[in-house]
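Provided herewith is a single structure, encoded as structure tokens, for subsequent inquiry.
Labels A, B and C are assigned to the chains in the order they are written; within every chain, residues are numbered from 1.
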Amino acid sequence: MTPLLEARSLSAGYGRRPVVKDVSLALHAGRTLALVGPNAAGKTTLLHALAGALPAQEGEVLLSGEAVERLGAKERARRLALVPQSARHDVDFTVRELVALGRTPHAGPWGMETAADREAIERAVVAADLSHVRDRPFSALSGGERQRTLFARALAQGSPVLLLDEPTAHLDLGHQLLMLDLVAAHASSGGAALVVLHDLALAARLDEVAVLAGGSIAARGAPGEVLTAALLKEVWGVEGTLEQGGPGPALRLAGRVARAEGEA
Amino acid sequence: MTRRTACIAALLFCACRRDSGSPGETRLGPPPHGPVTRLVTLAPSLTELAIVLGAGDRVVGVTRFDDAPAVSGAVRVGGYSDPSPETIIRLAPDLVVCQPSPGNRGAVQLVADAGIPVQVLPLSTLADVLAAVHALGKLLGREDAARALIDDIAAARTRAREAAARRGTAVGAVLLVGVEPLVAAGPGSFGAELLADAGARNVIEPSAAPFPRLSPEHLMALDPRVVLMAPSPDRTLAGLPLQIRPRAVLLRSQGLARPGPGIVEALRELTEILDAVAARRETPP
Amino acid sequence: MTALRLVRALGVLAVVLAAALALAVALGSEPLDVAAALRGVHPDAFILASRAARTALAAIVGAALGISGAALQALVENPLADPFVLGLSGGAAIGATAAIAAGLGAMGLFGGSLVGLLALAGALAAALLVFSLGRVHGRLVPERLLLVGVVFNAFASSFILAVQSVAAPDRLQSLLSWMLGSIGYPSPAALAAGAGAVLAAAALLTWRAPWLNALCLGETEAHSLGVNPDRARATVFAACAVLVAAATSLAGVIGFAGLIVPHLVRLAFGSDHRVLVPGSALGGAAFLALADLGARLFFRAAHTEPPTGMITALVGAPLFLWLLVSRTRRSER
């Protein structure tokens, strides 16, 4: 089956030196993939390159088997939505207006809302638990509400592929899990999601985990198989283990590994 | 865009000077039909001309800057660059006279389009003044008065030149039309013409602009024997360097600032001052 | 944004505009018998016609300023932007200054004044310059655009001051009058050309209003929504350059209108650019027509007509401050 999103030997960066080197990965329908890695590994860069916001220096990105460059911008937006880490705080739109903007790739010549648009917007607002703040301006929301609004917009966009950059960053525990549930629900209805996460315990709740270190994929697979003690030591420089079982995955950390001189 | 330039303009505008650059008198709109009994003037210099030609009682509209008692009853129609066409049209004048200016062009054109005769009379140079007197005299049916005024002006100029010849020396002078900043009457300006007639040596360089701005140092370097200050609402010596102040003379007559019939009086005053300066021995400081 | 909401909002603004235009034509520095004017009585008919032309000019310039203000606030992602922030007023001012100082002010060409035409040329030249300097790696960057525009305006200021220092007094007066912006009595040719340019650019911006919504969210977000941020910015910039060039060539630099009107429309109808953009055109037209009426009514008391730019500043500044305060209060709630 054709993967919804595929990268083949993708290299991308700003300027001449690539930040992301020779990355290949595929994301199939119904799957969620967590992208983890230390700071400055290139996770955001990879996300932007997969979304086509950053041109590929080498290799290519395919959406449902078609190269991203060859798709028009609107068609690309109908297949893939990127939710960045944060949004500008002085945006003056209300929550509903912002979520409605997610329908832009589907807009007709005059940009007026259709019944289908209204339905998609409603569903997204309800799913992201934003009904009680739908008419509040974005600048007046809490951090968590803002995050959920951005996600709702991506949901309203109706694209099967979702790329999310740290969507749980400002959320309380309950809403962190709500976000992951939303991601899972999206996948089970036929979509796919690639989620950049810092929290390894959260990452372990997704179907698969890919580890990005130094611009390349160090490992990929089921969370239990990938996030071994050896990998934690090598990539993050910490002594610890990931424990599955019980109510959910948990990370147990002993401490930092003593490094040789000159390393962080 | 800065707004403080408005202050510069306000001060400079005290001099009410017009620079040449217009192609000469022009007429806009239809020619006057019949005698002119209702006249609108769009500059105090033109009002003055009309009054001297004996037509002051025919003036029904003036600018808000007009302060001549003869036209105290006339309607105020605006300023130099903002005359109100509607007000002028409502007055139903037989003739409108104005000076050419980019500011009033639109309004004046509109008045002409409404079917009102407009005569454009520049007053930047002496030649302009004489031409304007002649033209206005003809339009108002006061050719005799006009000729008399032209003769008066010519006589005044002759007197001034004769006095200059008797004086012998050409006194170095500068005519300041603005004080903060210092603005002088340079070559080609109306004031410079009068200075020449009166036999003064205009210390401003021949290559300068018609209204050059001077720094106090520059003024000192030019070393005029007399500094003539054109009349203005706020007469002050504050902008002048201390050493120059004893040489300053505040002029009484409007004629140097307002081209028109005041030339006669202005030349007389100039001659007086220059004679006095030439006669005075240079006292050591 | 449903079609119904849009039509309702624009309908309200159209009514406001119609009322403003009616007032601006009926009132002025002199009383006018409108009934007599419509019957063709002279000079009332003439006064009515010239007032109508003048009010039409105010409406066109106001629409241009309003809509370009709204668009530029989205382009540079700054609600404090006004149409002149990108160096466009500096360019126009340089053109006009050169024309007035050289004594070309009294000459006309194709029914429009040379001053206006040179101001137009200056604004367009400035737009090209700012556009090319405002790009990094071939893409328009808002912060860079703003910086270049501000610096260019400062340069233009000093150039104009230098020219003013050697200008003859009456030309100086005209120059200042132009810089403060004033609505005069336009020739039909100038009016038609202005209306055509403004209408075309306004239509383009209204059609592309969804792009402006997307740009407001940020570059990555816009891209994610299928909008090419670079193309969107270039289009908006070009349309605004045309609008501002037309406005300044017709009426000089009228401040505050382009800043205030989008905020007023936002207060009433929200930030969605599909309403904000055409709404700012209608609102701007009404605003400037009324400001011009204010200038003309002022004449009755003071026998002088202040430049329209002065009225917009006098009204606009307190209005803007009030808006700022009420916005802060709203977000605190």
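Rule of thumb we're sticking to: contacts are C-beta pairs under 8 Å (C-beta built on N, C-alpha and C of every residue); 3 or more make two chains touch, one makes a residue touch a chain.
As the structure is a computational prediction, the values presented were derived from the model and not from experiment.
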Chain with Cα centroid nearest the overall Cα mean is chain C
Top of the farthest list for subunit A, CA-centroid basis, is B
Taking each chain's centre as the mean of its CA atoms, subunit A sits from subunit B at a distance in Å of 78
Taking each chain's mean CA coordinate, subunit B and subunit C are separated, in whole Å, by 38
So, in whole Å, the Cα centroid of subunit A is separated from that of subunit C by 43
Subunit B contacts subunit C in the complex at 1-2, 5-6, 8-9, 12-13, 15-19, 21-22, 64, 76-82, 84-87, 89-90, 92, 99-103, 105-107, 109-110, 113-115, 181, 209-213
Within their complex, subunit C touches subunit A through residues 1-3, 6, 77, 79, 209-210, 213-214, 216-221, 223-228, 266, 270-272, 274, 330-331, 333
Counting only contacts in the complex, subunit C reaches subunit B at residues 28-30, 42-43, 46-47, 50-51, 84, 89, 93, 100, 103, 105-106, 113, 115, 153, 157, 160-161, 164-166, 168-174, 176-177, 179, 182, 184-185, 253, 255, 296, 299, 302-305
Within the complex, subunit C is touched by subunit A residues 48, 51-53, 73-78, 80-84, 87-88, 90-94, 97-98, 100-102, 104-105, 107, 110-113, 137, 139-140, 154, 157
